[in-house]
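Written below as structure tokens is the structure these notes are about.
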Amino acid sequence: SGTGTNAAGDTSGDQLLTIPREDFATFTRNFNPFAPSQVVAPLTTQAIYEAMLVYNPANGKATPWLATSWETSADGRTVTFTLRDGVKWSDGKPLTAEDVAYTFALQKKLLGGYEYLKSAKAEGADKVVFSLTKPYSPGLFELGKQVIVPRHVWEKVKDPAKDTNPNPVGTGPYTKVANFQSQSYELRRNPEYWQPKKQQIAGIRVLGFSGNDSANLAFVNGEADWTQSFIPDVQKSFVDKDPKHNAYWYPRTGSMVEWTMNTTKAPFDDPKVRKALSQAVDRDSVTEVGMNGYTEPADCTGLSGGYDAWRDAALAASCTWTKHDAVAAGKALDEAGYPKGSDGRRKLKSGKPFTFDISVGSASSDWLSVANIIKQNLAEVGVTAHVKSPDWAAVVSGYETGDYDTGIVWSDNGATPFQFYRTTMGTESVKPVGTKTVSNYHRFGDKKADRLLNEFAAAPDEAGQKAKVDALQKLFAEDAPVVPLFPGPEWGAYTDIRFTGWPTADNPYATLTNRGDTTVLVLTSLKPVKNRQH
Amino acid sequence: MMAPAAATRAPLLSVRGLTKDFRMGGLFSRDRHRALNAVDVDIPHGRIVALVGESGSGKSTLARCLARLEQPSSGQVLLDGEDVLRTQKRGASRAYRSTVQMVFQDPFGSLNPVHRVEHFLRRALLVHGRPAGEDELRELITTVGLTEDMLESYPHELSGGQRQRVAIARALAVDPRLVLADEPTSMLDVSVRIGILNLMRRLRDEHGISLLYITHDLASARYVADTTQVLFAGELVEGGDSLALMDRPAHPYTQLLLSAVPDPERTEGYDPVLRAGLRAAVLTPESCPYEDEGTCSRTEPVRHTVGEDDGQPHWVRCHLYAPATPTARRVLTAATPEVENV
Amino acid sequence: MSVLDSRTEPAAPRTAPPDADAPKAPRARAGLLRSLLANRKALFGAVVLVLFVLLALLAPLIAPGDPSKINSLGAGAPSASHPLGTTAKGQDVLALTLWGARSSLLVGFSVGIAATALAVLVGMASAYFGRLVDDVLSLVTNIFLLVPGVPLLVILAAFMPPGTTTVILVLVVTGWAGSARVLRAQAKSIRGKDFVAASVVTGERAVRIMFREILPNMASVVMTTLLGCVIFGIGAQAGLEFLGLGDASVVSWGTNLYWAGNDGALMTGAWWVFVPSGLCIALVAFALAMVNYAVDEITNPRLRARRPRTATKKG
Amino acid sequence: MTVPSHRTASPHRPVPSREPVLDVRNLRVEYGGDGRSVVGADNVSFTIGAGEIFGLAGESGCGKSTVANAVMRLLKPPAQITAGSILFDGRDVLAMDPRELRAFRWREIAMVFQSAMNSLNPVLTIGEQIGDIFTTHERMRKRRARARSGELLELVGIDPARLKAYPHQLSGGMRQRVVIAMAVALKPTLLIMDEPTTALDVVVQQEIMAQIGDLQRELGFSVLFITHDISLMVELSHRMGVMYGGRLVELAAAKELFAQPLHPYTQALMNAFPPLTGPRVELTGLADTPRTEHGCGFHAHCPDDRSDCSTNIPDLREVAAGRFVARTGGGAR
Amino acid sequence: MRYILRNLGFYLLAFWASITLNFMLPRFMPGDPVSRMFARSQSQMQPEQIDQLRRLFGLDHRPMWQQYLDYVKDVCTGHMGISISRFPTPVSEVIASQIGWTLLLGGTALVIAVVIGNLLGILAAWRRGGVLDSVFPPLLVFAGSFPYFWLAMGALYLFGMTLGWFPMRHAFDVGFSPDLSWAFLSNAASHLVLPALTIVLVSIGGWMLGMRNTMIATVAEDYITMAEAKGLSPSRIMFRYAARNAMLPSVTNFGMALGFVVGGALLTEVVFAYPGVGFQLLAAVQGLDYPLMQGIFLTITAAVLVANFLVDLVHVRLDPRVRVR
């Protein structure tokens, strides 16, 4: 191994799957799944540690993984997972229910979360029983996707929060760390893997890059197989270079990207204004030009592409405030009491000019373009916007304390629309200005939404949940707590010169993310190309 | 042809015990270098006093202290009896400046190349609140022997001698009573030096200005100065009427200086052996002759008067000097019998 | 009784004014400017600079409207309607370059002027007052000079809120020291000249001596440091913006390059997005360097490149 | 105007032979700047005999160094020798190729430059710089060269231990003596001394000159001695020339010239040095009128109206045996 | 010796100043770095970690002077805190793993630029008006006018991507691990070519011109004329007499240039993803890893100061005149 030659064209059958990471300039040998995500080495929770189930937003299905089945009690307060038989840790010890119970205890201790989880107990060798404080159906997938760590290893670790876990023991397909350098490392096969037939590739190599630009360059140059970074004009710069082998698939299953307005400030406290401004935005142009055509306009349900099954299509088709209409938008603003002045610019009720900032983190170049397009659109209806682009930290800290006008923000994304609506309309997520919050930056809450959300959480089945989501969609369309722009595409591109078996739009067994829950599905599906003349 | 002695009046400027130490080295250095040590000089009204000495003996330092360009470490400078170092601690007053002026050695350096001649004169007049019209400028420039059209010139358009005259005109603009002239001729071509010296004499005679003429050229000191003081390693070692001093030098250092002046007219060139003897007497001990153990004690020498005291006494400070042996040769042979083969 | 020497009456009234350009080059500012215009390098530099300044000023006329306006998708090669092509977002590269000149030149010259002014003040105070003032100021200068600039720049930019003001401030903070050292040395040597002492003896006040007597003699050095600082300012701004530490919503050559990199201009073969701004930076810097070079040559004629002459006999 | 009577030469001076070692004829050097050209030396002719000390006096910028450098062929562009010839021992110096020239320099003619402060390389030790001469010209080994260098230093009265010293560690006078030691290292036929003592103290200056006198008597080389100090020159040299504005204006035996200067410029020079003895006498000196294209600078002081020399310095004329003067008029005035 | 001690004192003072600057930056700059960092990591930090950071950035409520003393003590003992972006690696370890590459890149580029630039300058000055003297200076000045990163990107795309002559990134190919084998060294060398080349290209003009100008001034000195008069051979005069003296300012500039090279290397490293401290600094900036940023800055400063001190020592060896001063 380690000939050091360019990966391009290696089809010996032992070639490594090469994944570039544009977000890691250098790697630290830290395979601790409890460490902050920007620190822990990539693929730790994808290739080394596994979860009990894998939810795939591309097709809305949950695949049993370390657990073979799960069950929610009638009162919705207990969830029981049954573990798969014969799963072993990479050190040869078997996976037990104790491991799972221990993992949740550790997770809660170290990082908190799971407020609804009272306890996780092992019941026999293969059953884990989770007791919840209240009926909470969204909890199922959350619990299921927690990666499990071996108790016998972590028990001995003195300070699990700070441990770097340099030689991880996991149940995943590729657990052996090899050739670790600051800018690259390799993961080799787990000899004890429970699906040895699915470990078809020899190993994975991760490369570090300082940004999209250099990572893309390596990828486009054929030095990597699978990327998830943003590639400008992917058709021209990547696919066209080798249309037979190169492909991309950008399912719209990412979180909804919204134009968030600080509803504690006038005039954004007025839903009419929010809707009118939304109507002024040319989403076609936003997605086509700003987002390189990688996504499509949002509708007034606010739901991202991952929730297509939940979407009320009729509602989406009927409402107007997410459809571009500058005239209507102007009229709406006139009616709301913001008439144009003699100079063609609108005035606020206070008499001041209708101007505000749109804040975007400077690193997100695509969103900056989006903001600029919105600014241009607004100019057409007599509203002046300034695009402010300090670094993300500054932007976010403004959002967090409520010290901003408007901004372009992602929203929460979960297996169900519950989390999305909870953080856009639930009052419980609203914090007063000045107090920090990590979601609901627009600081909007509606008591009606609270009720619906609680009912959703308590609903025993999907049909019951669907009814609540329908109601929530209507409420969203009415309140317009945020202005949805477009669902975030889950970028993913690959070349099948060296590996085949990629998920595609036709075979969406996973999304093309190499850092998400479904990644393990891809890793266990790929096959190396052998001995092909190139 | 000499100006009549005006020596009965109190001197215009008296220097008493003037000492100047320079700080050497950087920010935290404590090294000091003594450039002047307890210098006493009187500059009478309407007289030219020459200060001679070799390079580095502290001549310029004295001039700069008197011009208040350097702050002396200790001592007194009495102008009309007022100790200006005490009364004007933070630099010289306008009044002092209008009394004491200075002409520098290098006429190429002492005129700012970016200004016209007119500027120098006009500024000097204006700063001291004097009228600065065409007439005043014209009068000034002609006083130093230049023509009116030179007012429009830049310094680089003038010859060295002309520049030095402009510098003198600038000094005259404030109507000073004392002009410190620091080697005003040493940077000039030999052929024009004498013109400047003559100008200095004219200033004394016609305007009653006192001059401190600093030079290492004894012949020129003899030519212009009424009295001459000899500075050696920061100390005054001999002084007196110029003619008397050069005819009968009493200090070995003065003798050495005199012997070194090339003079085709000299009847008997100084004997090299004699010269070596002088040199040994004066220069061998590292910095100061007092430290030569055999002949000089470590105490300061006393001041002897040479010849008759006639108001401008010729004096010398030297351990080697014995009043009974006033001539140069006797001093030397007595003092340095063993250095003949140096 | 006095004997007037023979020069009291002017010997020969000068009929002709002396050579205006005598070998000892006139140091006056007018002289410097005149010599500059006569120098081919300086002329080239000046023409390029003036051209850029004009283009920057006329940007709203040549390329009206918002240059960063996003029009369409996909980069377009240079064509009749877009002489320099378009970026991946359909922005006209020519417009971006023209408008970019405004910010870049503005920042460059602001930094240049501010840093030089600071350096002049420090250098002058150091040289004029000497002693403790000098010791302390030159210590500070040397420390600033030694502390590596670009990392400090990056750190400062990271700590401060982004924006053009920050960029200028940060560049001045990191850029003044080198100039101050040069100016201090020059001012010190002029301070030591007798004409300064002569002004003191005349009774001039400190401020007047500094700015009327010393400063004019440093015209050429001030000019070289000014130009040097402008070069530094333009280059460093571009560097900072390229690293994403500037204000990405401002149109400048640095942000143009930042966006070019971000949009993968070179990866998609859209070299026309990448080349103009970089070339402009280089051209302006080169023009400034040429003027500088010329100033050096004029003040130090020995540096002039000699045309080899067919010497009959050589010494 | 009084010209003091003169005294005879000191008895130490050996009588030089008349055979010329150096023969400079009609030398003209131009400095071609940017389009304009300045004449550094014009139509300069003189000879120096074996063992003779020849003095060249004149104000600053009159072309003394230019002549000296031309003789050594050290002029660098923009200077150009545009006319004349320089013969050294019958050889044409101007026709030498670079290799000949390198061998010729220092072995035949050595030079002591205007200021010793600057003519020693500050970063090499004295020993290395003296040794360079031997290793280059005599192909000596380093060790031998060092020994010889030590001897040379002793010759000028400096402790050989100082070979390890750097120039800045020596006083000005010592440096000048080192340079003189270097100059006589190869026992050259002619030694050029371009104002060797201007930067020095009077006292030191006197000593250096005495030392040179001793060496000259010992080694018997000829000397081209350049200074603006006419008293010094008269004291030292056998024959001397006075230069003004790039031209020789007077050429004569030193004593004769001192006794009876013929050219007004020489007279002015003589008048510029007040005597150290005798009564104070009013001296005049020279008008500081710059020389322009319109006047030679002292034409205003010429006693007779000489319209032809107001723009041009006339050629030298022999007015008596061995006495040349650049005047159009008759003998003494 | 006195001279050296005095310089040492100065460098210590300079280092102290940069420590102080580092101490003050987060305390006096607008905004609160901890909350920004906190925002960035989106609540993935432990409360105690946050407390520690707050202390690190002086947001605790101990008196300033005490914080300052502790800070100085920490820095002097090599404790520069824990890196946030590479948690929980200590900052010193992160830097130690990368400073070598920066030294390699910066050092190589600097040495090449200095040697070639100075040689060119010497030759140009020696043959005034020759081809070297008339063609190279404007050309190199023009090359030097380009921003480092622009040339680096140009070279990257031209020689790396289009022509494929040199590797485009990293210090060595994946699969190698650093050792002293020929294969590794040659691989590392090929990775060095493009980044070093661009730095050399940008900086060489300055060296050449600087050398040319001092050389011209030196050649006009009397001791050169004297050397010529002595009949020494031209090469001996050129190197032993002229260049030896003209080099002295270059030596001092060399020290000063180190700082600039680090700066240039920073931008170049970013373009070539070269794993040096410059590259890491940018990563730290992007990751809002303030402790790492400060650590890198201090380390670079210390390195530059040490290098300058060494240069001073060399200067003392080369220039006898400063020895006594």
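Each chain gets a letter, A, B, C, D and E, in the order it is written, and its residues are counted from 1.
In the analysis below, a contact is a pair of C-beta atoms (placed from the backbone, for glycine too) under 8 Å apart; a residue touches a chain by one contact, two chains touch by 3 or more.
Note that the structure is a prediction, hence the values are computed from the model and not measured.
Counted as hops between touching chains, the shortest connection from chain A to chain D is 2.
By number of C-beta pairs in contact, chains C-E lead all other pairings. The distance from the centre of chain A to the centre of chain E, each centre being the mean of the chain's C-alpha atoms, comes to 40 Å. The distance from the centre of chain B to the centre of chain C, each centre being the mean of the chain's C-alpha atoms, comes to 47 Å.
Work out the mean CA point of chain A and of chain B, and you get 90 Å between them. Among all residues of chain A, those that touch two or more other chains are 217, 363, 391, 394.
The multi-chain contact residues of chain D, meaning those touching 2 or more other chains, are 69, 74, 77, 282, 284-285, 287-290.
In chain E, the residues touching two or more other chains are 31, 128, 161, 270, 282, 286, 288. On chain A, the positions that touch chain E within their shared complex are 1-7, 25-26, 28, 30, 35-39, 110-111, 161-162, 164, 179, 181-184, 205, 207-210, 214, 217-218, 221, 363, 391-394, 396-397, 400, 436, 438.
For chain C in complex with chain E, the residues that touch the partner chain are 41, 139, 142-143, 145-156, 158-161, 231, 235, 238-239, 242-245, 257, 261, 266, 274, 278, 281-286, 289-290, 293, 296, 300, 302-303, 305-308.
Of all residues in chain C, only 66, 68-75, 88-90, 158, 161-163, 244, 247-249, 259, 261-264, 267-268 touch chain A in the complex they form.
Across the interface of their complex, chain A is touched by residues 31-32, 35-37, 39-46, 84-89, 97-98, 156, 161, 168-177, 183, 187, 270-271, 273, 275, 279-280, 282-283, 286-288 of chain E.
By the touch criterion given at the top, residues 1, 26-27, 64, 67-69, 92, 94, 97-98, 101-102, 104-106, 109-114, 123-124, 127-128, 145-147, 149, 153-154, 156-157, 167, 170-171, 174, 194-195, 198-199, 201-202, 205-206 of chain B touch chain C in their complex.
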